[in-house]
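Shared between the two complexes below is chain A, which pairs with chain B and chain C, respectively.
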Partner chain A sequence: MVKEIERAGIPVVHMCTVTPISMTVGANRIVPTIAIPHPLGNPALPAEEEYALRRKLVSRALEALTTEVQDQTIFEL
Partner chain B sequence: MSYRVVHYINQFFANIGGEEMAHVAPELREGFVGPGLAFNQAWKGEAEIVATIVCGDSHFAEHEKEAKAQILAWVKEKKPDLFIAGPAFNAGRYGYACANVALAVKEELGIPVLTGMYEENPGADLKDKILIVPTANSAAGMRKAAPVMAKLALKLMKGEKLGASCEDGYMPNGVRVNFFEKERGSKRAVDMLLKKLADKPFTTEYPMPSFDRVAPNPAVKDLSHATVALCTSGGIVPKGNPDHIESSSASHYGEYCIKGVEKLTAETYETAHGGYDPVYANDDPNRVLPVDVMREFEREGRIGKLHDYFYTTVGNGTSVANAKKFAAEYAQKLLQAGVNAVIMTST
Partner chain C sequence: MKLELGFIEIKDIQFSNECKVENGTLFVDAEAVKTFVYEDDDVKACVKSASFDIARPGESVRITPVKDVIEPRVKVEGPGGEFPGVIAKVDTVGSGRTHVLRGMAIVTAGKIVGFQEGIIDMTGPGAEYTPFSKLLNLVMVCEPVEGVHQHEYEHAVRIAGLRAATFVGELGRSVTPDEVKSFETYGIKEGIEKFPELPRVAYVHMLQSQGLLHDTYVYGVDAKRSLTTILYPTETMDGAIISGNCVSACDKNTTYHHQNNPVVADLFEQHGKTLNYVCNIITNENVYLADKQRSSDWSAKLCRLLDLDGVIVSQEGFGNPDTDLIMNTKKIEQMGVKTTIITDEYAGQDGKSQSLADADPLADAVVTGGNANEVIVLPPMEKVIGTLDYVDKIAGGHAGSLRPDGSIEAELQVITGATNEMGFNRLSAR
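Coming up: the complex of A and B.
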């Protein structure tokens, strides 16, 4: 799906936990996330810390969207 | 006496003309035309093209029913032992015509058929129904394709048993044949691993599907004036899953308005996904679709706007073809809505 969005001309960032799959399907901007059932959260953390973590991850995704890339790039947190 | 073959080609390979002549109606010529020569030479008299049918690619696409009926009538009259079409390389309409004419000849006249084209040619969608030899993506690949097609064609005419697709050079057609390997699986796996570790070539017994590539789009210049949309394959839907998106092998996607929604809550949203433990996502759906954080970024002016709609489906056993279709469709909606960037989340 990321590839079809990219093909339509819209820059897209893929936030996912299993980054090798993201590489295989051909996402160009990738942000690794926490876990399969809660990519953008961690239920083990207190609510405030969990929110801060999510904020950091999405912030990284926005940075990825504003970064020029030539090839598939993983933006580690 | 040699076997009789009828060959199908388009206006280009018949030297009638290119795109400007693609409208020409079907025409029957005696003997071989153009690329048919390569087949005749390869058969060395064992088989021969007795007639060639030429049809413009656009004509076939626009008058498929009539063109097919005419072609079938001619093929029937010529009583060939084989019908061969193309090869079409990466010419889309030509490939479509070759595959569909061949299928009609096979099904309606019961004559063996064969065609050839590039693997990504839309005509290759029929590879499970007719034999298609994979070729290069341009006519420069004729020299390589002709002997493979000619050899396979002879086998078909002689009624010989076909080998596996990798032996006889046709596209895998989904037919599985049981056989006994000489070595047991564990030994084959270790042999393969040793070759891989030694950087030596090896052949997999289970090829992974291949994925095409799309070049990255330029970065967003100014996020503070950009509209950013959220999309997910994690199955987040309004509570109750109003559009009944399937928990696996989804047949559709959902488009939901989040205008005025500050964050997703357990009371209003949930996941329809059946491929991961839904407890955490149901408890706080922002863990999959981060609406809460995006709203905060919107208030802070970090992004111009969170798009009013999000697009969602369940990426659990969902076919690549369906996923592709969903996203190709909603990407156009995003474009029309002036969305500048997308965050896609996956579980």
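Coming up: the complex of A and C.
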């Protein structure tokens, strides 16, 4: 899906836990996430801390989306 | 460490009012098994009912949904007991002598635990795909207490199956085995001295540990909470590893697979002849990337520390565990240790899609258990043990999988053991 959307000219950030798979399938902008069953949150955290974590993840993704890249790039948190 | 296995051939199972093994027939009082199973508090709290049935090879019988398959065994000499840390107290197993009721299994089945239980057909095309169609199966059909949580029920049915196997295994304690075989691996220095010319080979055994009903237990320890470590191969043969898995039926390793791991069997077959079988390295398949990195680092490190020349790596499940598989393989190869991997494929119903989610040029020796997406039609059976209620829902099934005449059209995924990644399969292709 990432590749097809990019082919249509729209940049994509792939947020995922297993970044090696994202690299293998050819995503260009990759943001590592928390865990496979809960990529964009962490149920072990208190609500406020989890909210902060989620916000940080989305901010990082938006930042990646507006960053020029030459090669496949992983944007660490 | 040396283990003797005494095989008692079971040629028939009969319900009876007594429990014994005589001239190859297991006579079993279902009520007595049930009483022993229900002595566990968790079983009592979560399992509303347990009933027993027998399925024999060639009978027109379909067992579904299947949770686990377990071979009854009993420790007759040496430390420990069956399923240490779970049923028996924790003690290192893998030495002494164990009796095996060969040719039969305990199968746990009944109302679904997760959504990935399987089907065992005792005859027809489906039977060709599962090794369990060739066994005499004592099936325990369980029903949950209403309102019980899935993970509690999974635990309870897991324990119920192991307890039933323990009870039945015990009946082989004083029976004279039909065949006795011994298995032994050596300490590092001892092994090098014994076989100075032979390549040092180990087995990297990947254990499903994704959580949420996808778990494996080693001496009672949840594998996701452990780092990569080493076992004597005979510990596996003696019940150290058990399945708590509701992963896709075709490529989950049941407890029976762990007890009868074909990689272990074949490495022992070559041990001292063409290779020196050093040990098993067990590693997990967790859902955090850091865990995947850490565990595969440790696999590679242990391979180097043990001065191995080669390893066989087997996977369990598919999808993100493909990354664990590739990370292990790549890092072990980079240590200068040769690898061969055993996996299976999800290449689409037409077989044209990429087979694994991850890949690397260093993974250049691959054995496949087959394409789990391959579609198969299973004809109706005269008798169903369990229920057909979940056929459309289990992984590999779809809405309409179960047809009005009782036949099933589904992917091979639904068949227990069909594309097993230890290579415990019956079919091959040319």
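To be clear about the criterion, the second predicted complex is superposed on the first by the 77 of 77 C-alpha atoms of A that agree within 3 Å, B and C clash if a C-alpha of one lies under 4 Å from a C-alpha of the other, contacts with A are read in each partner's own complex, and residues count from 1 in each chain.
The rule is simple: contacts are C-beta pairs under 8 Å (C-beta built on N, C-alpha and C of every residue); 3 or more make two chains touch, one makes a residue touch a chain.
From a predicted model like this one, the values you see are computed outputs, not experimental measurements.
Student: Does chain B (first) or chain C (second) touch A:Ile36, or do both, or does neither?
Tutor: A:Ile36 sits against chain B and chain C alike.
Student: Which partner does A:Lys3 reach: the first (chain B), the second (chain C), both, or neither?
Tutor: first
Student: For A:Thr24, select first, second, both or neither according to whether it touches chain B, chain C, the two together, or no partner.
Tutor: Both partners, chain B and chain C.
Student: Of the two partners chain B and chain C, which one touches more residues belonging to chain A?
Tutor: Tallying touched residues of chain A, the top partner is B.
Student: Please report the chain A residues shared by its interface with chain B and its interface with chain C.
Tutor: In chain A, residues 17-18, 21, 24, 36-37 are touched by chain B and also by chain C.
Student: Looking at the complex, which residues from chain C come into contact with chain A?
Tutor: Touching chain A: residues 210-212, 287-289, 292, 320, 322-323, 326-327, 357-359 of chain C.
Student: Touching residues of chain A toward chain B in the complex: what are they?
Tutor: 1-18, 21-22, 24-29, 33, 36-41, 43, 51, 54-55, 57-59, 61-62, 65-71
Student: If we count contacts the way the header does, which residues on chain B are in touch with chain A in the complex?
Tutor: Touch list, chain B to chain A: 208, 211-221, 223, 228, 231, 233-234, 276-281, 283-284, 286-288, 290, 292-294, 296-297, 302-303, 313, 315, 323-324, 326-328, 331-332, 334-335, 339-347.
Student: Would you mind writing out the residues of chain A in touch with chain C in their complex?
Tutor: 17-21, 24, 32, 34-37
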